[in-house]
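Heads up, the next two complexes both have chain A, just with different partners, chain B and then chain C.
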Partner chain A sequence: MGSKRQFRIWRGDETGGDLKDYAVEVNEGEVVLDVIHRLQATEAPDLACRWNCKAGKCGSCSMEINGKPRLGCMTRMSTFEETETVTVTPLRTFPVIRDLVTDVSFNYEKARETPAFAPPADVAPGDYRMQQVDVERSQEFRKCIECFLCQNVCHVIRDHDENKQAFSGPRFFIRAAELDMHPLDAKTDRKEYAQSEMGLGFCNITKCCTEVCPEHIKITDNGIIPMKERVVDRRYDPLVWLGNKIFRRGQVPQTSATSGHSSGAVTAGAAHGGVHSHAGGSHDSSAERQAQQGVNWQREVPHPTAPAVDSSGKLPLTELTFDRAAAPSPFGDDVEFPLPPEHLNFAHPQQDEPKH
Partner chain B sequence: MTETRIERHHYDVVVIGAGGAGLRAAIEARLAGKKTAIISKSLFGKAHTVMAEGGAAAAMGNVNSRDNWQVHFRDTMRGGKFLNNFRMAELHAKESPQRIWELETYGALFDRTKDGKISQRNFGGHEYPRLAHVGDRTGLELIRTLQQKIVSLQQEDQREFGSYDARIRVFAETTVTELLLDGDRVAGAFGYYRESGEFVLFEAPAVVLATGGVGRSYKVTSNSWEYTGDGHALALRAGATLINMEFLQFHPTGMVWPPSVKGILVTESVRGDGGVLKNSDGKRFMFDYVPDVFRKQYAETEEEADRWYTDPDNNRRPPELLPRDEVARAINSEVKAGRGTPAGGVYLDIASRKSAEEIRRRLPSMYHQFKELADVDITKEPMEVGPTCHYVMGGVEVDPDSGAAAGTVRGLFAAGEVSGGMHGSNRLGGNSLSDLLVFGKRAGGHAATYTDQLAARPAVSVAAVEAAVETALAPLQRDTGESPYQLQQDLQVVMGDLVGIIRREGELADALGRLAELRERVAKVSAVGGRRYNPGWHLALDLRNMLVVSECTAKAALERQESRGGHTREDYPAMDPKWRRVNLVCSLDGDTVRLTHKPLPKMRPELIGLFDRAELSKYLTDSELAEFDALTEEANN
Partner chain C sequence: MTSTATRPRGARARAAIAAKTLRTDRWWFAPLITVVGLSAWVIYATVRVFMHDFYWVEEYHYLTPFYSPCVTERCVEGAAHFGRFLPGWWIIPDAALTLPFLLLFRLTCYYYRKAYYRSFWLSPPACAVPDGHQSYSGETRFPLLGQNLHRYFFYAAAIISLINTWDAILAFHSPEGFGFGLGNIVLLVNVVMLWAYTISCHSCRHIIGGRLKHFSKHPVRYKAWTGVSWLNVRHMQLAWITLGTLALTDFYVMALAANWFPDLRFIN
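Let's look at the complex of A and B:
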């Protein structure tokens, strides 16, 4: 029935440690967490590991299995070859406490910094009325079980401790998005706050967080991108900055010259290559009107495409399994530069004047 | 011992447990202006409450306007077979809607009706659609909402005092091992940080217990590791009493194999949709277990049973659809007769009965759950199922209005699964989530009031702290004792096999003997390694709690000579109205569990008047019925 399988498990604490080899009996139908429990009950009673519900609902048993951030209770032994050595290590982004247990207090600090739900002042308890279709968008993010795998995989902080101060991470971007989309939330500057205080601009949409989410929340597509698209302040956003370089915005007199107000939302949209922006994003009616005149609304806009997935239906994880060095293009692999002019949503201020 | 470092904290109210009840209690204490600590065995937000799927029962009448608190009260009493503390059931039914609406002001997003109100769904035992829900993750929504409310209170304090922790602080991954008393008054709580193994002492005049249940004493359970009966045991040792400990809710079909999903529930609709139970001989054994009282309604042949699914009007129901306790009893008997599966269950087969496509369409969540968690394809192979321990109705005996623990101790409060009485002998689905909110708020509020009334703060005695340190360190200092894992396994075998879903006098007596042996072995348990995040040590300390609570359950189960709700005695298979008038109360006398009988509080006339006589006659004794008749006559005149 059972068979001996090879495991390498990181043992140690903040002063250091290394991988220890174990040969463990594995029975049919078991998951990695079962194997850890067996080890605790036999040769390693003090092996430290968090767990709780063992049904993929609490998000406690986050660990890295063969280098991939996973929940121990959701990783079946049958997904490995009989002869394969399974390597289990603690989450890399957070300081180790002992063995597989890490200090995840970073996440709780960021949670405390994220402004809470602001109840509408004039609605009494029991009088809240919302439509299902409106709550569903936020409900997707409220599925989050706080396993912090997205925080762990996010390369803004994974190997850059110095970014932790200014960056809240995907978990809290979707918390901001959730509140932003809450039909009755009375706070109106969630996006701006995310940009200026939570470090939304650091994110360059490699979608690693979405890929590791055990709840299959579309963190990037449904949470981060819509916020990035509509956020007014574009100064700190490297994506917009990059977009500006590519489109030479810096040298072109902008519509904002007349309004004194940036039309950043529109340009930011264009920079996402394929995901075109919504008119009205600049909140400046004269700039909008002017922009609209020069826009060819019939132009062919590439459809948003699904991410390129591998044979298992998952995005190839960047650092370990991706077929090239460095992260994939944040614009999508199917976008080439320079963009064809007909794809651009841009109005040159003098475009209607006769050419010399 | 004096050299051991102990971190000291002063609080007004200490809440032990960070599930729904604990968080709600803490919010209330903080809103009352008290300096409040929340002690969580896990990380903040990981409590077992997240496992609740169905919803929170509250008679808001959003879907059916005929629903009201009286109907909810009736359903709750019926579900608990009239053993409930009526006042708790009344408060619960009256206050649940406000508690749910309040969650919306904290940011909760429930599923909606067409007119934008909170949607409510049907559930077993509830007369009208009553469960506020969010898909099948209502418990998660509840925890997250309360967690975020606490964060928002901390943000207020940060603005006012410059510190998030000024008035409410969460001690994550911290376990309390002992309550400390000053005479008969609570003076504090002693425990350790799981992460570092360092000790911590909370000096506080009021403690709210919200530690959940006891399921980890059972082999097959849907409960998490935290459910070691800590609060039950802490209360007992502090001089409080437990009631109704014989009542445990078992679900007849929990998965027993593969191990990765052991204990997880298989919904009853698998059987409703054609799933059949088979033993290891491949025999559809339920036909042998139809009791006489049900004989007329259930099919006698497989052919007839199979025809029922398509033609229920002209055929009788298949015996797989007997009530839960009958099915559980049958499964239990087959396993004990040696016709079980290797993992100790029976087969639940839907694969050979329905097409794969139909199974996926009718049971999508079951299909996905097993595919994802266990790689079991229920369209191709039978499931292995057996009764799984789900919820403990029994718990700390409390004053229904304030949640103050009964017994000799003052300043101790309890709410949620750790408290007893609300659900009587059997809990209705959906009532636990609203229970948490209603009684969590009450316990937190009354704990705050209690501290106001104190003339002086009780003092923690140094000797008590030293004793607590010694007890906590003992397993690490022994190296001759047994492994805590082995002891837990042995305890689970005793409870699962002898104090399980179907009980017999001989087995219960046997269990008590074995628990006494285990007690000696647990007293000598040893844990290897150091104090830093050492799960073996943690378990060694939990064991004595599990043991004393198991003794309460076994003793009460042996004493109650009837079958009612979550307590089934094979030798006393019927409900006995005389036993309905009795609560079995456990207390601790030195080291031994003492059991006493206590009469149930009598329902107020206007409440008992909500029931009709025919129904009451099933539960009440003749003298109680005569009293009821006198009441109705009085009302008619």
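Let's look at the complex of A and C:
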């Protein structure tokens, strides 16, 4: 038989909200997500919460529990005192959609901006052979479940929204590290790219990403610091620089990371006075423009589009007013997957031209 | 077509949560203890460095690491392995060749950076606790861009560890010739810990093998990288342990030099 426990859960949407008190029954062995589900089944049927596997593998139920970014399904109720009030809030870094659900599309955009694996030119697909010892480091980063807790806790964007354009975040630094350490990856400028386009220099290695990672990936020690050291190899090592000058070695082909803006590319925002950011960018457009100075987004960015509203000027939210029976896409009806490249504000210069 | 609430529509608002942090644990304890610990050590080290006395035990050739190598005109002869070529002004530390590099090595160390960014600079004081600053540019600009020079201070620190090792070897001495006392153990433990801290450095880990793309082509460096990685996991502990051993070693030598108590001798 369970006991009644006190909860405070943030209810609201982008127009505002508040912490609401609930007393919920909690049974032995339950996790916070179980309690959220019990609330939905009893006194708060309209409580919005994103979840999927309930096994700590899908990365959906990211939330902040007593102020700490956690997975709801991996936070046992037994870790709290019987008398303790448990506070559950949505991720702070991303725009809220409703209650505990946030719009994490910032991360999907950053994912698209991260250069993919570059296959080696002289090895045919299917003939790739790698030694375990060579791929072990990369495999650690493959454990990532993309819960975005590291992105959420990182103070670079959590406390300074204006850095969102220039900073990709820990999840994508380990993606860059994973590929840079990959024995068959043919791309040679990932270090420069991480520094100049992904904002690696913003990280001050305070290790919160590592602290919150539910997969216990050593994001800072094994991913970010090695990438910083690799950047030092190329950019801040005067001995290497001198050696390269004298022996004319290690010349990196000019890419977006090493060259100026390519012809035809337009710097976002500045020309339009606005910033494309349905990823939840800053509300301060001047600060965002400032933050993206020096960042080449490689193409003109589309303007944000206003939502379609009904005759009363409001969004049709309920099933009664919605024009279809099925559940709406959480990403919006106009978002296709894979994300159409023309909606992104960045195209890697080596990427194939988008097919329409 | 009607749409849903999640249609892309420019900048959206975050959840309006009034509290700056909702953490209920003692998140302030770690930064507080770091401030106390680092401040205490810096005060002790500063006082000792500018004391210009009680750094050398003539009888047993014990030299404190804070004065190694002693290079100013005021140094006693036995402590000056590399000559006495700097003027004896009060403001110049007697180990003026090494102390700045050791300071910069620790200042740019990836662990200490975490420690002081959190505790002194409050950027952020703890995870999911707001940064104490209006704007933030991280390590992208001068002077923090200089943190990237860590590996050069690592090279310097490795050389200085060699000097400290030499000091510890020379200290097996007594007026009768060879000697061995508690002071030797203190000096040796300090040197071993200094080596462990220096080798466990993230830059060392990178140089020794981390920069390679194919470990399989470099089995010896891979083995070395594995060893350094094992130590690197303990870098934080070693950073604090070496602060302790440095202060303890210095205090022990100072106590002997000031005749507060005699050295416990095992041989001669």
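The definition used in the following text is that the second predicted complex is superposed on the first by the 231 of 356 C-alpha atoms of A that agree within 3 Å, B and C clash if a C-alpha of one lies under 4 Å from a C-alpha of the other, contacts with A are read in each partner's own complex, and residues count from 1 in each chain.
Rule of thumb we're sticking to: a contact is a pair of C-beta atoms (placed from the backbone, for glycine too) under 8 Å apart; a residue touches a chain by one contact, two chains touch by 3 or more.
As the structure is a prediction and not an experimental result, all values here were calculated from the model.
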Touched partner set for A:C49, first chain B, second chain C, both or neither: first
Contacts of A:R98 with chain B and chain C, given as first, second, both or neither: both
Partner chain(s) touched by A:Q131 [first = chain B, second = chain C, both, neither]: both
Which superposed partner A:G16 touches (first chain B, second chain C, both, neither): second
Partner chain in contact with A:D159 - chain B first, chain C second, else both or neither: second
Most chain A residues touched (candidates chain B, chain C): C
Touching partner for A:K68 - first (chain B), second (chain C), both, neither: second
Shared contact residues on chain A - chain B and chain C: 13, 97-98, 103, 131, 182
Chain A-touching residues of chain C, taken from the complex the two chains share: 1-17, 19, 21-25, 110, 113-114, 117-118, 123-124, 127-128, 130-131, 135-140, 144-145, 148-151, 202-203, 205-206, 210-211, 213-216, 222, 232-233
In the complex with chain B, residue positions of chain A that touch it: 13, 27-31, 33-34, 40-41, 45-60, 73-74, 76, 78, 97-99, 101, 103-104, 108, 111-112, 114-117, 119, 125-126, 128-132, 135, 138-139, 142-146, 179, 182, 185
Complex interface listing, chain B residues touching chain A: 42-48, 50-51, 60, 97-98, 101-102, 104-107, 109-112, 115-117, 119, 134-135, 137, 140-141, 144, 148-149, 151-152, 154-155, 158, 164, 172, 195, 224-226, 257-261, 264, 372-376, 483-486, 489, 527-530, 532-537
Contacting residues of chain A [partner chain C, same complex]: 10, 12-17, 19, 64, 66-69, 84, 87, 89-90, 92-98, 102-103, 105, 131, 133-134, 136, 153, 155-156, 158-160, 162-163, 181-183, 199, 201-208, 211-212, 221, 225-226, 228-233, 235-237, 274-275, 277-278, 280-283, 304-308, 310, 315-317, 321-323, 328-335
